[in-house]
Structures are given as C-alpha cells and as structure tokens.
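Which chain is which? They are A, B, C, D, E and F, in the order written, and residues in each are numbered from 1.
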Amino acid sequence: MGRPVTLFTGQWADLPLEELASKVAAWGYDGLELACWGDHFDVARALSDPGYTASRREILDRHGLGCFAIANHLVGQCVCDPIDSRHQAILPPEVWGDGDPEGVRQRAAERMKDTARAAAKLGVTVVNGFTGSSIWHLLYSFPPNDFSAIERGYADFAERWDPIIDVFDQEGVRFGLEVHPTEIAYDFVTTRKALAAIGRRAGFGINFDPSHFAHQFLDSQAFIEEFADRICHVHVKDSRKRLDGRRSILGSHLDFGDGDRGWTFVSPGHGDVDFESMLRALNRIGYQGPLSVEWEDSGMDREWGARDALGYLRRVDFAPATTAFDAAFRRGA
Amino acid sequence: MGRPVTLFTGQWADLPLEELASKVAAWGYDGLELACWGDHFDVARALSDPGYTASRREILDRHGLGCFAIANHLVGQCVCDPIDSRHQAILPPEVWGDGDPEGVRQRAAERMKDTARAAAKLGVTVVNGFTGSSIWHLLYSFPPNDFSAIERGYADFAERWDPIIDVFDQEGVRFGLEVHPTEIAYDFVTTRKALAAIGRRAGFGINFDPSHFAHQFLDSQAFIEEFADRICHVHVKDSRKRLDGRRSILGSHLDFGDGDRGWTFVSPGHGDVDFESMLRALNRIGYQGPLSVEWEDSGMDREWGARDALGYLRRVDFAPATTAFDAAFRRGA
Amino acid sequence: MGRPVTLFTGQWADLPLEELASKVAAWGYDGLELACWGDHFDVARALSDPGYTASRREILDRHGLGCFAIANHLVGQCVCDPIDSRHQAILPPEVWGDGDPEGVRQRAAERMKDTARAAAKLGVTVVNGFTGSSIWHLLYSFPPNDFSAIERGYADFAERWDPIIDVFDQEGVRFGLEVHPTEIAYDFVTTRKALAAIGRRAGFGINFDPSHFAHQFLDSQAFIEEFADRICHVHVKDSRKRLDGRRSILGSHLDFGDGDRGWTFVSPGHGDVDFESMLRALNRIGYQGPLSVEWEDSGMDREWGARDALGYLRRVDFAPATTAFDAAFRRGA
Amino acid sequence: MGRPVTLFTGQWADLPLEELASKVAAWGYDGLELACWGDHFDVARALSDPGYTASRREILDRHGLGCFAIANHLVGQCVCDPIDSRHQAILPPEVWGDGDPEGVRQRAAERMKDTARAAAKLGVTVVNGFTGSSIWHLLYSFPPNDFSAIERGYADFAERWDPIIDVFDQEGVRFGLEVHPTEIAYDFVTTRKALAAIGRRAGFGINFDPSHFAHQFLDSQAFIEEFADRICHVHVKDSRKRLDGRRSILGSHLDFGDGDRGWTFVSPGHGDVDFESMLRALNRIGYQGPLSVEWEDSGMDREWGARDALGYLRRVDFAPATTAFDAAFRRGA
Amino acid sequence: MGRPVTLFTGQWADLPLEELASKVAAWGYDGLELACWGDHFDVARALSDPGYTASRREILDRHGLGCFAIANHLVGQCVCDPIDSRHQAILPPEVWGDGDPEGVRQRAAERMKDTARAAAKLGVTVVNGFTGSSIWHLLYSFPPNDFSAIERGYADFAERWDPIIDVFDQEGVRFGLEVHPTEIAYDFVTTRKALAAIGRRAGFGINFDPSHFAHQFLDSQAFIEEFADRICHVHVKDSRKRLDGRRSILGSHLDFGDGDRGWTFVSPGHGDVDFESMLRALNRIGYQGPLSVEWEDSGMDREWGARDALGYLRRVDFAPATTAFDAAFRRGA
Amino acid sequence: MGRPVTLFTGQWADLPLEELASKVAAWGYDGLELACWGDHFDVARALSDPGYTASRREILDRHGLGCFAIANHLVGQCVCDPIDSRHQAILPPEVWGDGDPEGVRQRAAERMKDTARAAAKLGVTVVNGFTGSSIWHLLYSFPPNDFSAIERGYADFAERWDPIIDVFDQEGVRFGLEVHPTEIAYDFVTTRKALAAIGRRAGFGINFDPSHFAHQFLDSQAFIEEFADRICHVHVKDSRKRLDGRRSILGSHLDFGDGDRGWTFVSPGHGDVDFESMLRALNRIGYQGPLSVEWEDSGMDREWGARDALGYLRRVDFAPATTAFDAAFRRGA
C-alpha cells in the first residue's frame, strides 16, 4: 500500500551504482531515480551501447528495485543559463567543449534530447531536470531591471526548450521541471509564466519538490492543486528555516548547512515541509507515481538519514480512500 | 524635540531642486538629503564650479531646510558590480564612457572619491551610498558555488573601497553603506564579513534602512545594537509582506508594487517595519542624526505620501529620556 | 482626494432622514446610502408619488450630501429564504401579506424589481442588498445533507433572481449582493457557485463588506482581486474575534455584542479587518466608488462611533498613485 | 496500561458485526462501541428478543472484545429537531412512521428510553448520542433572532429529555451527549445553558469528542476541566483546518472531505486536536473509561486508518502517575 | 464623554505638587491620583493638621483638577513583606523606626489604617496600594517549597489586612490592591486565593493595572470579567516584551529599561497591552471611574510621554453604548 | 550510533541503586548519571571507604551501564544561598550541622570539593550541580533593588566557587553548572555575567538543560552556540507551557504539575523543547558526551515515562554527518 518510494541517486554519485543499489535495497526502498551523472546512468552510452540500458536494469532487478524516472538536472541547467566556470564543474567534457557560452547551451540542449531518447530505451517515461534561466541573476531589481528583458527571458526559455520537448513527445517521455530557484520557474507566478510561454504543451511537466517552496513561504498543496495536470513526479526533500532575526531568508552567501543561514535543506520530516498536506493534495489529484527521496542534510549521517527518510515516508504516506463514504458511514458523527 | 526629519531626493529627481525644496518646506520637513543625480547635486560641478555648493545651500536656506548628508548610490553601485546595460542607465555618461566593465568600475571609484570632496565642500560629513558587489549574482548556490570565489568577492570589495575611504578620511567625511540586497553587505553575516574585510576602519559606516531588513526577517534593533559604532545615518522606508502561500518572498522577478509579489516597498508606517523598536534602539545607542524619509510606494500618491510620512514620524519619534529615573520615581509601581 | 465616505442609514432607521442628514453632514460625511426602511427611502412611494424622489434628494442637497446607492437588504432576504416569523418583523406589511411563504417570496421579488425602478428615479445606479437562501440552514451537514439539494439551492436562487436582474438591467441599475452568511453567497466558494448559477451576468454585482470575511478567516484583498469585475459598492464595517479557547467562532446562539461570543461587529478600525490591504486592493482594481460606513458596535456610543469611523477613514484612505514610477525615481533605492 | 481503546462502529455499518469484530480484533483494539444502526445493535430486538443481547456479547467475546458503551446518535437527533426529509434517511421506518414532525420527535424520544433499557440488558452503563435542537438553524442571527426564541429552545430540550433521563436513571445508565454543532450544546456557552436547563441532573452526561472543538477554536482541556463531572465517555476523532484566506471556517456548504472546505475530519493524529493536552486533562479528572475511535477521514483508506489510529493512541495514551512525587524525587532539578 | 483621565503622581515625587499640578492641568488631564510620598499627600499631616487636606484640594481646584483616589503602595508593601534594607529606602522614618521587621510591619499596618482615615478626610473613597507578601520570594520552588508554607502566607496576609480593612469599612473607603508581582496576588490563581483568604469582603478591592499582566501572558479582559465586583480603580500603564530567544521573560536581574531585559514598562500605547479589549471589558462591567496614567518608560522623555499618554487615551477611550440596539437598528446587516 | 543515553538518578532516590540499575539496564539505557544522594553515590564514603567507588562501578558493570558524570545539585545549592529551613531538607545532616547560614555555606563548599575528589576516584570527569545564589530572591525589583547589590551577588559567587574550582582543576574534573532559575546563572545575561565573574576559567562548565530555557522563551541552540566551550554535559528534560490567558508564566506559587500553572516539566518529547534544534547545535559544536535523561513529569507514570523518553531519544538523536558533502553530492539539487 502507499506509493513506491525511490531514492534519487544524485547525491550519491560517489558510489558505484552496484554498491548503491545493494545498500538501498537492503534499506527497503522500492527503486531508484537514476541521476545522469556518476556511473549511474550515462546518456551517451545508452544511445551508443546497445546493451547498456539493459545492464542498468539488470543491476536494479537483481536488487528488486524499480526505476520510474531518470534525472538530468546538471545538463538541463546549462540550456538557458549564462555560462560561467561553475558550469564546467557540472558538465561532461564533451558538452562543455570549449566553454563558449552559446555553444555550451546548444550542446546541452542536444544532450537533453538524447536524454529523452535514452529514457525511452530504459523504459521510463519521465526525465526530471532543470531548465536554467537567462534571467535568474536579475532576481532583485537593482540596478533597476528593464522588465522587457525579463519577458525576453521567458521567450528565450520557450525557444530553447520547445524543440527539446518535441523530442520528448516523439519518445513518449515527459520532462519534469523541478520548480526551483535559479530555474525559469521557481514559484506560482513564474510557473504560470513559463507554462504560458511554452504553450502549456503536455510534454512539459513538473517534478514537484516541496523543499524549494517552504523557504519561499509558498503553499505546496495549493501549488499541486493549481498545476495538477503538470505533476508527473515528486521529490521528497525538506528544508528548515531558522529565522531568529539574525539569519536572513536569503542565505547570506553561505553554503547549505552553515549554521548562520536562515534556512537549509534537511532530511525529510526534519524541516518545515507539511508533508501531510502535500500527500493529501497528491491524493486529491490522483497522483500515483513514486515519492523519490532526494536526500540532503549536511548535519546528518547520510546513510542514517536515508533509512530515517524511508521509515518516515512509510509512516506518513497513507493510502487514499478506496471507497466512497456512502450514506451508511455518514450516519455517524 | 525629536530628530530632524529630512527627505531623500532620489525618488524626486524629475523635479528641479528649487521646486522640490519649496514643496518639502511647505510640508514641514527639516531638510533634504540630496541625491547626486537629477539636478539636485552635481558632484563634478561641485568640484569644478567654485560657487556651486554655495548655490545649493542658498536654495536650501531660502526654504529653511538643512542638509546633513548627500547620497550617491548609483555611482557607488558600479564600483564592484559586474557591469551590464542596466548600469548605463544609472550612470553619468562620462563615468560610463565606453562601457568597458573594468574602466567603468575604476571611473566610478574615482567619482566616489570626488563625492567625498564635494560633500566636504558642501559642508556635510556623511555620504550615503551603495558599494556594488562582484558576487551578488551567486546568491543561490546552484550551479554550486566555489565558496572561495565568495571570499574573493569580499576581498575585491576591500581592495576597491579602501582607497576610496582614504579620501573620505582625508576630507573628514564618512561613507554610509546602505546595507541592502545587491550590495556587498545586506544582512548580519555579510555586514560582519564586509566590515572585517575592510578592517573595520572608522570611515566606512552604515546608512541604516529598515525596509531592507523586514522582508529578510531580520531584527532591526538587534542590528543597530550590534553595529552601533557604524550607524552614521538612517533612512526611513517601509516594506510590507504579503505571504499568502501564493506569493514568494523572493519577488517572482516582478517589479516593486506588483500585486503578485510577496513583498514590496510602502510608505513609512504602512508596512512591517517596527519603527518603535528601531527608534528605541537608536535612542539606546545615542544616535542624534536625521531620520531621512526615502519615499517609495507604487500604490500611493507621492505627495500625499510624503506628507503622511512626515506626520507619522512626528508622532512616533518620541524624545528619549533626559533625566535618569531616580530613586524617588521608582518608589511607585 | 480619497473616495467619498457615506453612511449607510440602515442602523439609524429610528431617526427621521432630516434629522439624520443634519447630524451626518455636521460630522463631515460626503453622503448617505439610504436604507429602504424607516422613513429613509420608501420604494412604493417613490413609484407612486411623483415628487418623492426629488424630495429625498432635496433633503440631501440641503445638507450637501450625495447619494450613490440605496439598500434594500430586508426585502431581498425574503426572495429565497424559507419564511418564518422573523421575516414578518423585517418586511412591510404589504409584502408580508398573509405570510404564506411562497407568496411572501414572490411579493419580495416584485418589490426588488420596484427597488431598481425607484433607484433609477432617484438617479442612483446601485442597489445593495441580500438574496436570502433556501439552503443556508443546511450549513452543517448533519443529518447528512443530500448535496444535490444544495445544488438545487443555487438553481432556486438563479431562477428567482434572474427576472429581477432583468429589471435592473432595463433600469440601468446594478444589484450589489452583500456577500454575507445567511445569503446564497458568503465566501469564495459560494460566490463562485452563485455567479456561475446566474451566468455571471453583469447586472449582478457585489457590495463588498469585509466584516463578514474576517471571522471566516477569509482574505479580503484576494476576494477583491478575484471578483474585481463584480465590486460595485463597498461597505466599511469591522469585526473582532475573541478566540480564547472558551468562545466559539460560531457565536453560541448569542446576540451580537454579547461578551461570550467568539466574534462580534465593531466600529471600523477597532477590529480584525485589514483595511490597508483592502484599500490597496481597491486601488489596484480601480474602484472609485464610495466607502460606505455601516456602523454597528454594541459596545460603543453610536454617534461617537460614527464620527470616529469617519476620522479613521480619512486617515487610511490614501490617494492611489497618480503617476507611474518612472526611471528617474527608480534610480534611488 | 493506558485506557481501553475501542472502535465506534457507526461509520462501519455496511459491515456485519461479525466481520467487523473479526477485523477490529485482529488490529488489536480492546473493544467496540456499538452503533444502534446497521446490524450492530438493534434496540427494538434487544427488548423483544430475549437472547439478542447475549448473542451480541457472544460475538464480542469470541474476538476478545469488550463493550463499554452503545451509541444512538441518529434517533437522538430526532428528539428535538425540526424534522425534514434528511431525518427519514437516518431513522428506522417505525420511528419515522408517517413523518409528521411532532410524531417523529415523540417516537424518537420513546426509542431513546428503550435504548437505555437495551443498554442495561447488554450490561453497559453509557449510551452516547445526540439531542437534536429546535434552534440550531438560528445560528446566525439574520433575519434578527428573537432571542427569547433561543431561550425557548433550551426549555424545549429540557422538556423533551427530562423524561428520557428519568428512564436512564431507572436503568442505571448515563446518557452521554456528544457536544457537537447541530445539537443543543456545541460549545462552552451552550453546554452551560443546556446543563442549567436540565438542572444538571447526573444522568445527563457528556461524550467528549475533541474534533468538534478544534474548528471552533475551543480549548478541549479547559472544557474537560470545567465539565469534569459530566464526562462519561470519550471519542477520539480529529479535524484539520485549512485556513488559507480562500477557505471559510464555515465550510461553504460542501461535504466533509471536499478540498475547498476550511476544515474537515481526519484520522486521529493527523489534524489540529492536541491529544496530549486532552489526555493530560483526562488524567487530571480521573477519567478511566475507554478512548473510542470514531474514524472518519475521506482522504484515507478506512482500514489503513483504523490501524494507524490505534497505533497512534497506543503511543500517546501514557499511563498517569501512580505514585506521588515525594520529597526524595524532588531533590533533583 | 469618556472617563476622567488622571495622572498618578508616584513617579513625579521629585516635583512639588503645586508645580506638578500646573503642568498636568496644562497638558489637559482631568485630575491627579495623589501618591502618599514626596510632598503630594502626607498621611500623618492629614490627620494632625486640620487644614491640610483642604489645602491639597485647594491646589487641585485652582488648576481644575479632580482627585478620585490616593495611593500608598510603599507603606502597604511593608505590611506583609520580610523586611530588609530596601524597605528602609521606601518608608518614612517613623514607620521604619528601628527596622526590626515585625515592628516595621505593624507600624506599616497602622499607617495604612491612617491612610484610610486621611482619604476620608480628603473626600476620596479609594486608596490604592500594595499588600506585600511573606511568600513572594518562594516563587520558584527550589529548594522545594513546603507548600503548606505557601498556604500560611495567604493566612498571614489575611490576618494582617483584615483589621486594616475594618478601618477602611468604617471610613467608607475601599482599598484597591494593585495586583502585581511581589504582592500576595499577582495573577488569577493568587487573586482567587487572596480574596478567599480575606473572605471576599467588599472593602478589599482591586486597582487593575494591565502592565503587570501582559508579561505574564494573562488576559486582562478575562480578569476584569472574573473580578468585576472588585475593580474599584484602573491604572493605565503599558509593558513591552522583547522575546528574541536571548532575553528572558524573567528579567535577568536587570533594572527596568535595560536593553537586555525580556520585557519592560513603556508609555501607554507603546507596548503589548490590548487597551481596546481592556476598555471594552470595563464598559461591560460598568466601570465609570478614572483611568489613571501611571507613567513609566525609561526610554522616553517624561513630559513628552505624559502628554502622549493623555492623547492616546482620549483617542481610545470611546464612550460605551448609551442606548440599546433596538429592532430598528437590527434591520440592517 | 548516536550518543550514549543515561538516566539521571536524582528523581529515583527512593530506589536502591541495585534495583534501579537493573530496571534501567532492562529498558536499554547506556548508563547512569549518579546523584550524590539516596544510596546512589555517597561522597563522604567515597573518600573514607577505599572500596566504595569500585563497588559502585561493579554494580553498574554488572548491568552493562556506563557512568560519565555524577551530580550534586543539592549541596551545591547551599554554597551561595541564603539558608532557610528548606535547605535542611536537602542536605546531609553533617553539612547542615547547626544550621547557622554561613557555616552551612562553608561546609557545603567543602563538600563540593570532596565531590570533585570522589568523582576522580570513581573515574568520571564531570560533576553536575547547582551554585545557589545570594541574589535570586531579588528577581523582581520591588521594593526597588540597589543594583550594586546585584553586582555583589556575582562577586560573592566567584569568591565562594573559585576555591572549589581550584580543587576540580587539581582533580582533572570539570564542574557543570545546570543553568537554572534560582542559580547564579539562569539565562544568557546572567551566564555571561557569572562566567565573567569567575574569569571564564575552564574548570567551570555548563550542564545544559533545555527545560529551563523553554519557559523563559530562550533559544537553546543559540545558547549552545554562544557557550560552546562550556558545554560539558547535557540533560534531556522537557517543559510545556499552557498560556491560555488565565495561567501565569510565573507559576502562581503552585507546585510543578498543578493544572493551574502556566508551565510545568514533562517527559522528553512531550513539551515545548525543540530537541531537533538542540541536537543539531550539539552536532555543530562537536559535543559527543551523554544525553542524560532527567525524568520529571507529574502527570505520567515514572517507569512508563523513562522507557518512552529513551525510545524518543533513540529516534531523534541522529548521527551527525561523517563525511563532507563533496562536489559529487552537490551536483544534484
């Protein structure tokens, strides 16, 4: 009962998939959401090596693990971003190439198309990821923004992603944008605008992750209800505010986990996310896909935390009502 | 009784100083904080035209207005910033020049030195302004920041501003950084770091403006107490949150005043700033300088608001205790 | 500057209009919203007596008072309600007649049509009022409601009010439902449903009164924004919660003003209504009509309160921005 | 240790008692609170069929389940209510009869007397239920209530229930009113009035259910303390508010569980009820009776929820202190 | 309209009454509550010098000031307290005498009787004051209290004050205990116990001061309602919490006004007291006596504050309803 | 994984150590923090009886229990306190002696030195305890404190404890003051002052107990961060506020557990303490010592509670991160 619980492998890229799968299965997870970095899932090889995707499945099968989605946040980020040295650190060398920004963006776009093709070969119908944004750095309007430049940012996003989503559509795979600061969409307003820009085409979905909403004071269940037709995948991650008048909600240019930040990511159930409300909203919209734990908490042992997160989800992910409350039930009070 | 109340002229640059002074005096203000743009105060002319500063004083005197500080936020912003087209819109042509970023930064630095010289000629001891920041755009660490790059940002700030403050010291003028997002310091953590970077030299002070703190959930009175020796000027400006679960604290890339933002600037007394606590803290640290209204509220008539703000301050800026509570008073309860 | 402030005469029906007008003018109000009971405005006479509406205007003119709307809540209430003895107390005898429920409802409907006609004769374009509701008493679903009966309630409303609004349309007058418990619409959900039932025809507007929203924990500014095209009149009334764990939000079947209630009506500015947010929302949607004080506070002297309410509104109803914040203003921070 | 945990069978009337008992015992419950509808407990048959009550006990005994109370909310509701078609759906045909309201009320009163007699035969000393109310529909005083009519409602309640409680007294059984909207008593004020009306006679007790208090903003522990001598049974049920400014606390005439309601019932531990405070208060007043789970949550699978509720209670229903904290303990700090 | 506003002279004992009266009258106060220290009101002289009380009245009359109560907190404090050197500082030498504790307490008791006699001579019917407490220092039970010692503290209070109140009764004067930490009664529980100890005799009343309730998180209006028959005088004083996680609600052994305290006293309207609720409660219980400003705010100029406080009260002390809301009014909504 | 969990034996002094150890081991605790009263640990005997400390260890070893600290709160309390009859009840007769206050204080000081010596013999490096305070009873400054007397209280503390800490230093044992009302330090301000008074010598540490901070509205994690170098031991105890406007935060002179108090102690996890934040702060400062349960809850069975507390800690005391989040992990989001 309840939904399948998977572990997103992005934060475990230092472990070979074989080793990770063994641990995760022993902890009791139902599957993995494979990251397209580390040795977990190699998009290029999936397309060039005929046996590759089967070999990945074989590892998962051996441990009794399912796979419902793959994730390529890092390459996706580079599709729209102004490119700087930080991007080199997150890209495969062949996508980075000579680092010329427009070239990087175009190669990243091609790689995202390939990711759809690779996903199809692996037999999954969802690719989660980021879009990047040409306007994120204009977040606080000083020097004053030319707001037509903001509008051009949404248009730029649509121009770059429309052809990518064409390939997704051809492959029968849906892209799930993780709505997130630094992306073209990170809240209600920007999600509405981004979806409008891309014509609300069905292939462009959302990988909902509540940890990016809590520190923005956004209502996760309201988001799920408004964008019900978009939610194709769910990340389970938490964040915790510490607003004591000395710590800024903006983060103070400190790394996640620093004690002086106003908020940081924590293991699921240890933060501000109201998972019960999120799950009730998912029940209402009929979401039946996986709950995929994206584990990140710099104050907790990683393996202790991954087990803790699973136990937490097993407790809180109750089954939705399977029969209607009929008149007979309603006779009580 | 109470402190002098001035109006910062930055948002009124469309009005000639003469006209503005006439209005402001009629409303009952005690003085003006002159912006170094529009025709309000021209730094270059102040240095080149022997009679200029006297002519400015003459206008003010004629309306019975004092002047305790001038402000050059726009040029200061360009000292450390990565330069883009937005900066052209806020700079005098001769500072912008050919727009080559490093050239712009260096010319802006020179102009800030001149601003100190011009302030001295005008007979004021405080220049308020911004510093810019080479690292602001790295606010959200994704793609993951190289945090040594953040540290280099503070060092870059110190290298660029140390020689500027040398001139301020020579002229007997203090620089008042308006702690503010997009600047090197915008909260407690970054102010501590910026001050440390510049060796806490006395000439580098703070123009405290609570409107930038309320939306970060920062405690204005705690800031005033911690940085008591820095506070050389105070802006009175307000901001108002609307966090209903649909509006993000990050602002959604919308302009100030847009109804869908999670917060915006409003006329003093109409927002979340706890002015009573701020004033009590200013009393405790012995601040006797002006309260300078920086009026900005896109939902209110500007002139109605400027009068409303003054009336508000006259009510809330109570006089601090002038005699100690001696034993006789304490006999009651 | 600011909007005209009127007094709704409904709670002053014990005073002759002449006497009331004299007081209200002396207090400084800009006009009256005439109630169709007491001697304030007699619908039947307005239609039968050719000089009547002019005589009403004459009284108002003599005191320099305007009239922007009339109100007929009591008759409107009887259009959809199940009729009981309480209705007899609020109806003119000729509308009550023999008290047979359906007959009462039909006569009330006719009288509402006449109210539109009378308003047109008086030269006002808004009639505020109630609709009644055939389903209000089913508020708490126990014994369990047959929810198709609820749907029939909306249909019944539409059937009864559609022909009334036909007359309003003919007369060029808009009906303003005061969204309110006991009416067909009292919150967001029911307003959406009621408007849908009546086909969102333009003649059916809303008289917005925030005092009915605060105790329901509803967001007045969000309502104004969602139903911007409906708001044709605004009541200024306040309510105050006292939720100390012993007092129920439901009211305990106690009369308004009783100290044991969980909430009650209070003079404007003395309660929980966030008038600043309401006024900013009205500014955003461009509402330029009157703010009509419906004064009701059982713990305050009526005349003291009416003056206090006017003074309060004069302070808080600031003028909206008349010029855009252009680039020049934006150069400050 | 801890109190016995029972399941109220009212919401499971679609299952035969035998089947339900089997499930409930397997889940680990200690007993059942039998509803007097479905096939769970038939009052008429208990009085007419000499072996009936023993047969019910036999089923319970076979599964190791106790029974501490029975419940007849549906018939009780009809003792004071204005009768309409909804009541027909909740009454046995012989009580409904021809549906003439006064006849229905009188037959319901007789059936409640029989319920006391049947309870005594079954060997339980508590019958939980509702009273109905002739005045509930006057909750919001518009058209304005004649408040003497409200007082008459309490008198009507006393007249109708006094003779019923006479039979309860004769049978040594106590009636436990579930204080609840739609009943004569639903909060502090109305409970005080209802108890006063009936002379605070001992046979009229309270079945305390906190789910009806949370959405009224009432303090459960304060209620338990004030009415300590009345609490003869406890329901464990939860409710959850969703007050986001768009959802009304009044419920919008929507069915329980609808996502647009401002509150709804949820499985114990999933809502706003502070069970720890409730249990501490029950400890303080010495309540040793059952905690009876009334399970109702339209967003959760019923059987998953019933097990979850039991597990929750086993964790939170700690044993009260059995020995005083003597001087020796107090030596620490 | 509104109640008379007086100034309590206790915190102004450094000024001669003549000078103080002149100032206070000029500010617009209606009267003075004379402190029995400084030269404001000398109890001993009032009894020994036949013309003294008339001379006091003459000063007040000359300035158009009334006097509704006198206050003798300092002597009252010494009736029950364990006596130490702090008491010497607050007592007249003849009451302190040799400082032997029991002697001091008995002389203080006699002086309180004289205060009643002096009040009667002055023509006032209320004496406000403190009682002291033999058990206050046992506030936090460590080392663990012998709680029978606490009970003896209430008995000691009653024994010492019963004979004092006898004299008050004889003189037709009521004692108004200012419920306050360090006194026998400082909250709901201790007020109930103290009143019970003294048999709730009518002569023992309460001078209600909300500033001592706000920092205890107590509900002023609930207190006024529970002890309605006791309230014979009201102090208007405010207090303000600063609970930022670093400042303790207990006060840190710092003097009032210190910036590191968790709360301190402030000028009325500048703190946490909900005066509107307090005034509504006073309206409900029919209190018609003075509102006496006890001004104490170590961060504000005393004279600025006294005027500010009066202005504040004139705004918020609205007149209670003088006529009932009759049926005519209720016809609106 | 996680820290060792011990039980503080102070509240179990009625049970012989042997019996207590047997129970505690069976519940699964890792060790005991022995109280120096009851028969748990006898300081005098430890110094006089060569085999005593070994015999204690033997009992612990037999049950597999560790011992990381001993506690002597009761004797420590008497070092600075004004002595009264309550102290006799908490002292060994030979320390009480004739009860002359100064003699008691000096003998208590000597016994604390012996406690350090005994701890060293037992092989533990921490002695927890209280200091007492000569000024606690001056908490609320009325009659007004002479604040130089407060300063003398800190000096008195330093004079009395400096020689005690000399012995602790010699023995290689650290004293851990439980910061607590009634002690010289009970919050941030007083801890800063007390540490300053004693020259921040290393031997004077802190036994952190969050239950004394929650009711003062103090931030436990901020305290741990500020006094990181002092934290040598941690108590796990909880407290719960009930601030409903009728219950005072000051406690009303009622015993812990009384239902009318505004706060009381409760079993860990049942109150207001934010243990997650506390544990994260302990992780950040690198505290690796025991979490010692000081169990006190007058509303819960003691043995039920001790097991519940252990289970709670096992769930919430997660392991801190053991490896840095390296670049690979950060590639996700």
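One rule holds for everything that comes next: a contact is a pair of C-beta atoms (placed from the backbone, for glycine too) under 8 Å apart; a residue touches a chain by one contact, two chains touch by 3 or more.
Owing to the predicted nature of the structure, the values given are computational and were not obtained by experimental measurement.
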{"item": "Chains touching both chain B and chain F", "value": "A, C, D, E"}
{"item": "From chain C, the most remote chain by mean C-alpha position", "value": "F"}
{"item": "Same-interface partner of B-C, chosen from the options A-B, E-F or C-E, over half of the pairs matching", "value": "C-E"}
{"item": "Fitted rotation between chain B and its twin chain C in degrees, CA, nearest 5", "value": "120"}
{"item": "Separation of mean Cα positions, chain E and chain B [Å, integer]", "value": "46"}
{"item": "Inter-chain centre distance, chain A versus chain E - centres from mean C-alpha coordinates, in Å", "value": "63"}
{"item": "Intercentroid distance (Cα basis), chain D paired with chain C, Å", "value": "40"}
{"item": "Overlap residues in chain E, where contacts from two or more other chains coincide", "value": "74, 89-90, 142, 144, 180, 219, 222, 244-245, 256, 327, 330-331, 333"}
{"item": "Complex contacts: residues of chain D adjacent to chain A", "value": "8, 10-14, 35, 37-38, 71, 73-74, 89-90, 130, 178, 180, 242, 244, 256-257, 259, 267, 270, 294, 296-302, 304-305, 308"}
{"item": "Residues of chain B touching chain A in the complex", "value": "74, 77, 81, 85-87, 89-90, 135-147, 150, 153, 180-182, 186-190, 215-219, 222, 243-256, 260, 262"}
{"item": "Chain E-facing residues of chain A, complex", "value": "244-245"}
{"item": "Complex interface listing, chain C residues touching chain B", "value": "1, 219, 221-222, 225, 276-277, 280-281, 283-284, 318-323, 325-333"}
